[in-house]
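Both of the next two complexes hold subunit A, though its partner changes from subunit B to subunit C.
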Partner chain A sequence: MEWMTTKNEPGKTYLMQGNEAIVRGALEAGVHFASSYPGSPSAQVLGIMGRIADQMGFYAEWSTNETTALQACMGASFANARSICVVKQNGLLVQADTIHCGALGGIKGGLVIVTSDDPDAHSSTNEFDSRHMAVTANIPMLEPASVQEAKDMIPYAFELSEKLEQMVLIRVTTRICHGRGGVELGELPEKRPFEPIGKWDRMIGMNWLHSFLLEKLDRAKEEFEHSPFNHYIGKEDAETLIITGGTGMKYALEAIDELKAGDSTGVLSLGTLWPLPEKLIMKHLEKAKKVLIVEEVDPFLEEHIAAIAGKSGLKLKICGRSDILPKIGELNPDVVIKALGEFLGVEEKSCCGSGCPAVESVTIPDRELTFCAGCPHRATFFILKQALRRHKNPGVVFGDIGCYAMAPQRAGQFGVHFMSCMGSGISAASGLGQLTKYGFGQAVVSVCGDSTFFHTVIPGLIAAKMNDANILHIVLDNSATAMTGFQPHPGTGETAMGQTAEKISIKAICEAIGCRVETADPFDVKETMDLIYEMTQESGIKVLILEQPCATLAAKTRKKKKIWVDTDICRSDSCGCDRYCSRVWGCPANIWDFEKGCAAIDEVVCVGCGVCAKLCPAGAIKVEGGDE
Partner chain B sequence: MLLNVVICGIGGQGNILASGLMGSALVEKGYKVAVGETYGASQRGGSVMSHLRVSDTRETGVLIPKGKADIVVAFEPVEALRMLRIYGNSDTKVIYDIRPAYPLGVLIGEDKYPDLEDIKKEIEQNSGYSLPLPATEMAVNAGNAKAANIIMMGALAALKEMPIEPEEFFGVLSQNFKGKVLEMNKEVFMVGYNAVKEGGGK
Partner chain C sequence: MFSILELERKVVATELCTNCGSCQGMCPYWKSEKGRTFVDYECDRNEGRCKYFCPRMPADLDALRKKFFADEDYLPEIGPFRGLYLTQAADSEIRKNAQHGGTMTALIKLALEEGFIDSAVLSKASEENGTLNPEGCLVSDPADVIKCSGSSFQIPNSMAVLNKALDEGKFSRIGVVGTPCKTLAAYKMKSKPFAENDNNADNIGMVFGLFCGWGLDWEGMAKFGEAAHVDILPGKYHRMDADDKQIDLDEVLPLVRENCKYCYDMTAEFADLSVGGARSAEGWDVDKKWNQLIIRSKKGEELFKLAVEKGILNVRDFGGNGTEGALAKLKAASESKKSKAVKAIAEKTGTADNLLYLEPSRDIFGKYL
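Now for the complex of A and B:
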């Protein structure tokens, strides 16, 4: 409910999503400039900022990747603008070189990077822990423990950033971004003007600034000894100390409550995670007999706090993610209650007072992710698999990151053999494609989405062309950054702030590189299959652009065709097709009517793409009306 | 007081929006509210779940511990059962839409979707109160299949544990919707509300 983010009602409390609170925090900091590349769980932040930018008098953009986004923020900072860059954990890694070099050179106007980690990988391929980046780049890092703090920390981070002339990292996790909590609004300030760049103003990252980099970090440490974002909760001088980072605080309090351990246990909730406020931490460590550290995901605080204790010659038991808490995955109240019970030697009660459901009489099916009804990717991977089967040796497919990251699963006919990070498919395929000159005998295909193409595929494609790799590269152009929520990209012809932009043509780029380029429609099943077969037989680098808009987008603009099953024609299980529509094609709209024993269409789910009608061997699925 | 409500379903049913609206209405009343949304890439057919935690005194984390849900609101019968098994206890109240959404494994014939009567039976056995509701059908009859989420919020509000009156929910609706959509939402909210009242839910 993004309208809340712009309300000028200081003191009013609204239920805000963490991502909305981050937007509000940026507004309360008087932000001038925002740049991002979409990644879950924080993709909504710049989406909202783009929509409110005009109204609130700042600039917001979607960049082509995370490192271009951060570099743009650094440029704005040079004119003393306050800029914010929002990424997910993978995006922060894409920025690694820029952060390290940028930290060396320092900044002028406040620059805050928000990185959203995804413990348990709810909407990621991994649960990497961003916090290590602050250590290697020597920049200050904060992490909020609540949605309110997610808002409050942003103006604080900007102040700190300007005081130190250094970029500041704020690490959040899915439970903040996709959590909601009451947020009390602060003032919306007047925006300060930009400053001209003087003759001798410099932002240059060179090694002779290394000592200044470390000196800034020392000043941050002093600052953090008194930060309002570090607080102690519970009994003073408790024997058992729990130290938490981020969302760990609420889980720890719930566990103490559940185990009635309040008399012996206190919580030090840390919001300033790098550099750590050593004096504050030591003050509490010295009073404790044992320490449990609750954090997401790696034992980051645990290791650094153990080092602080060790250097001071303090002997005490420090536990956490390396031993009694799970080494991987997301925390939840249950694992923290269990770990604290074990740590205190307290018997854990049964999970509920009145007994859990006892009888499990029904077997319930899993709910596997799949492409949406009418998704062009379903057709693409169906066609690709069939086309590659025509080769004597079946071909190899290199995937990439987007909705089609589901293609290695059933959704994509198990048709993808390799998947790593953004932009990796084309380059890895190019490597394997080289080996075809030395006797490797399988066709090599890579795929990428349209947004991914602009993000990191272009250099890989150029390398493949330069070195004349034998591959077919397929661009799955669905005119959208679909996975993260339809953010504009260079090919969509609009900007984050809703302005029209000149569309950048993927086809023209590929042609300029010197590739043979074809375009086709994945819904033209037979023609596209033949084309893929033909292109995979040709040597050199070829590009096939498969154009068909994302079904979710198309459903909003296209008049839906009516798809129905003629039950007089559908021969049910006696057809010999083995329920081709529902079992092989696997679209969620192709259901089976168990009562009538024949194919059916779920009209609520169907978007009317009509591909199933082309595949039904009996011709029982009919298409009526609608737009092409 | 601490009230734990699990609101679950599958991608695209509007469960995140519904729990946000309900949470906002409770914040307007002065309650401390935490909502945890678990959806990941769920618009691609996966399970979606919101945890709504309401207290007059404490600020809680956004996740409900296992076995601690007071209420489970499910937009799909198998999801009702799945979440009741994890978060429910023998006092938990369950309201669920009876319209099945078949998982991929069922469509391709590798898994079997359980018989609705068997689902009803297990939910009944393992909860304090349960009400199967044809919410999607009711929404279609009211002219918009996508309004089932608001029907379910009406049903939730009718339970005596929920400290919210229809008028208070309408306040939040009118902050977020206008004109015909607002009127339609108010109307379907009352459809769900009355269904529970008549079903003896309060």
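Now for the complex of A and C:
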């Protein structure tokens, strides 16, 4: 849908996804440079920008990690280019050092970081609240309340960034990124030319600039007192005040409507979240008797507003996510209606939320997250667990971040013992692996995906080699950044803008580091299992690259094999099988035919990898035709 | 409880598991590696062949014996008994690589040639590591039997090979050669304890037992390196020989498999024939070329007689106090193992009231407490 983002039709309204609105905002700001490492929920932003970059005359790239992406933006900013860096909340944390040092040095051309938070961690391992980063780094931060604002805030942020000579953070959440709304387009400006770097131009982050950093923040505060992104809706001088940040505004308005509380309440929707516009906030607090704060994840506004009220000696009841709203997870209309009802002392009359008989009568079967049919990761973790169980003291597996982050669950046979952040598996494994020299008696294995390998694994691998850790590191090379939607990475041989790039070989890197490197195919079940078993018995650092393309990619190019079950041979749930394919192997395409009481293949789901045929104890699963 | 969990708890966790392989070869769940039996994925059936076939799951051993052996042949010290002989293979080629006299190798070869059995489950040195990593194998050509002679002093999971062969149904008179734990499992299988699936147990042909004092841990065996031939010398030498290497038994005994301490059976009481090392009046120089052979069943007797008739086996006198004296020594040695095992089990459980797998046979074993 990227065509909408490129239309030069000021005043016209299109229904856009939040991620598209962010792209449009960047175009309306005359962006020169965009860099990112993919992360949900904002992974589409740079994907779209890469596809339209040539046409719209700017540069876009996928970087190897979030910090390299931000540093690239800082370099472009030096020539007065406008740069945008798009990350998810974990990515922002990866950037922490760069942001803190970079904020001291300041910028030249506008630099905007868009960070997408994932309340409830729908596609993350955590629901970290990005807003805290603005406070510690002393940089301005905005958060849109609607898809329209997600677009409008970008040019505003660039203007502000250049005015202050400081990077600006925009925090969005899943419901903005993936939600849709009407977006009225603005003008697409002429591109501003670059400026040469003058004899005394500097971007140097040193502590003697600390006071300038704070001064910039004070100027931002002044600016925010009059920002168009802070609105007041509802009864003037209301004694019952709701203050919202970001999407909290929509939830609050819906709750007020549902509880018919519009006559008595006012809503202050804040878009400039750091530094907070204290005067504006005080103006409303002074009239209020009680305040409910509606925001995503942490009680960020709640605590800072309570501090503002407290410093001014106001006596107010301030509620929010520290008490009547849930302390964790994503907001939804139900919980906000319930909390507002409690806050107002009004009985909740909702008939469309939890407790409503119509809703309660619908039963949805539980479905756990799992690997797709034909996913090479399923084979890898199946094999890995078997290989490690062959050890007298079964081995330990350190996971990492990617689709295979599902491996600690049933999808990966509960075969992963440790998982933290991107790049952590190799280094944590290396630490434990060192203890094998001092009597620790279990084999240590770490895994990472191909994209994660380039992201943060390489330094860990070098450290492991340098210190001669006893570990096996397995690279799950599925030739894709699969989790976030197949973005190019250094090993795929293409760039964000669709150009061909020289593929960077993971094998060559590992060999250059000095590791023993083997490659194998996870679909060669027996051979690969024996290889893992052998490699885990050898001391030192070994790397095994398991090559098999992501099933979603492979399904597009390979001729599909036909897989079927010979029901005469199938041992079904009898002694000797006990539904090994559907119950243990667990591929979504291996199903159980309740009528016949035997195994079956869901032909719609099956991609024809044929691994189940290799595992069937009776040889009842047959494979016909197709490509290898 | 899941069958697999019951077996894990009662046999693997208690260190009774002998790695015989009786639970393996029938399903994708039970595996063996370097003498250790384990499960990688769990089966959720409550009833399965594995727990019924395991020789270390509780069973009434007296009732099992009565099913297959004549009561009048029973000697409480060494099990069913129809004769004791000192024998060796007549063929010197067999004797060259075999354990002691090569009696077992000669008998299996003959049994295959004469149709007593149509195949045999044996174990042999692995192609990669020699005696370090022996494995079970199925042999149907009499000429291949000789490749499996000699002892590894380990317990490879050869019963998995039997189970697989029974399951495949290609052979209908499969001979089984094994240590006492394995031959007991073979008779458990023959008794068809699991109505739903007997794993074609009728296709088990004859059962050939090997005397066994204990087996070594895989890692323990690594001490000897690759060796073509390993033997334990009689008591007074107190050492173990592997080719030209010699190791004091004090060094070897700590490497004995834990489960062997709980084994009551030295002479493989469940078998048609049992073969072991000779202990004659003349000492080791003579004994190392001979075997003791116990005949336990009519079928075993038939094979033995044919072997003598055809000149396949040489038979000689025990010397000294003759067969009676040899039998008395054998009984004493066998009872000593029973007594040690029963006491070790009681010590393990911490109570004389729980004899684990021997509990249903308390009438036989209670006296050793």
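One rule holds in what follows: the second predicted complex is superposed on the first by the 610 of 628 C-alpha atoms of A that agree within 3 Å, B and C clash if a C-alpha of one lies under 4 Å from a C-alpha of the other, contacts with A are read in each partner's own complex, and residues count from 1 in each chain.
Rule of thumb we're sticking to: a residue touches a chain if its C-beta (ideal position, glycine included) is under 8 Å from a C-beta of that chain, and two chains touch if they have at least 3 such contacts.
A quick note: this is a predicted structure, and the numbers were derived from the prediction, not measured.
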{"item": "Which superposed partner A:Ser582 touches (first subunit B, second subunit C, both, neither)", "value": "first"}
{"item": "Touched partner set for A:Gln537, first subunit B, second subunit C, both or neither", "value": "neither"}
{"item": "Touch count on subunit A, higher of subunit B and subunit C", "value": "B"}
{"item": "Subunit B versus subunit C as contact partner of A:Gln413, first or second or both or neither", "value": "second"}
{"item": "Which superposed partner A:Gln386 touches (first subunit B, second subunit C, both, neither)", "value": "second"}
{"item": "First, second, both or neither for A:Tyr14, with subunit B first and subunit C second", "value": "first"}
{"item": "Which superposed partner A:Ser312 touches (first subunit B, second subunit C, both, neither)", "value": "neither"}
{"item": "Partner chain in contact with A:Gln499 - subunit B first, subunit C second, else both or neither", "value": "neither"}
{"item": "Where subunit A meets both subunit C and subunit B, residue numbers", "value": "583-584"}
{"item": "List of subunit C residues in touch with subunit A within their complex", "value": "26-29, 31, 33-34, 36, 38-41, 43-45, 47-49, 167, 194, 196-197"}
{"item": "Residue numbers on subunit A that touch subunit B, as the complex places them", "value": "1, 3, 13-15, 17, 40, 122-123, 146, 175, 178-182, 247, 250-251, 253-254, 258, 332-334, 337, 350-372, 403, 406, 410-411, 483, 552, 579, 582-584, 586, 588, 590-592, 602, 604"}
{"item": "Residues on subunit A engaged by subunit C in the complex (per definition of touch)", "value": "385-386, 389-392, 413, 573-578, 580, 583-584, 615, 617"}
{"item": "Residues of subunit B defined as touching subunit A within the complex", "value": "10, 20, 23-24, 26-27, 32-47, 59-68, 78-79, 81-82, 84-85, 88-91, 102-109, 111-114, 118-119, 121-122, 125-127, 136, 145, 175-176"}
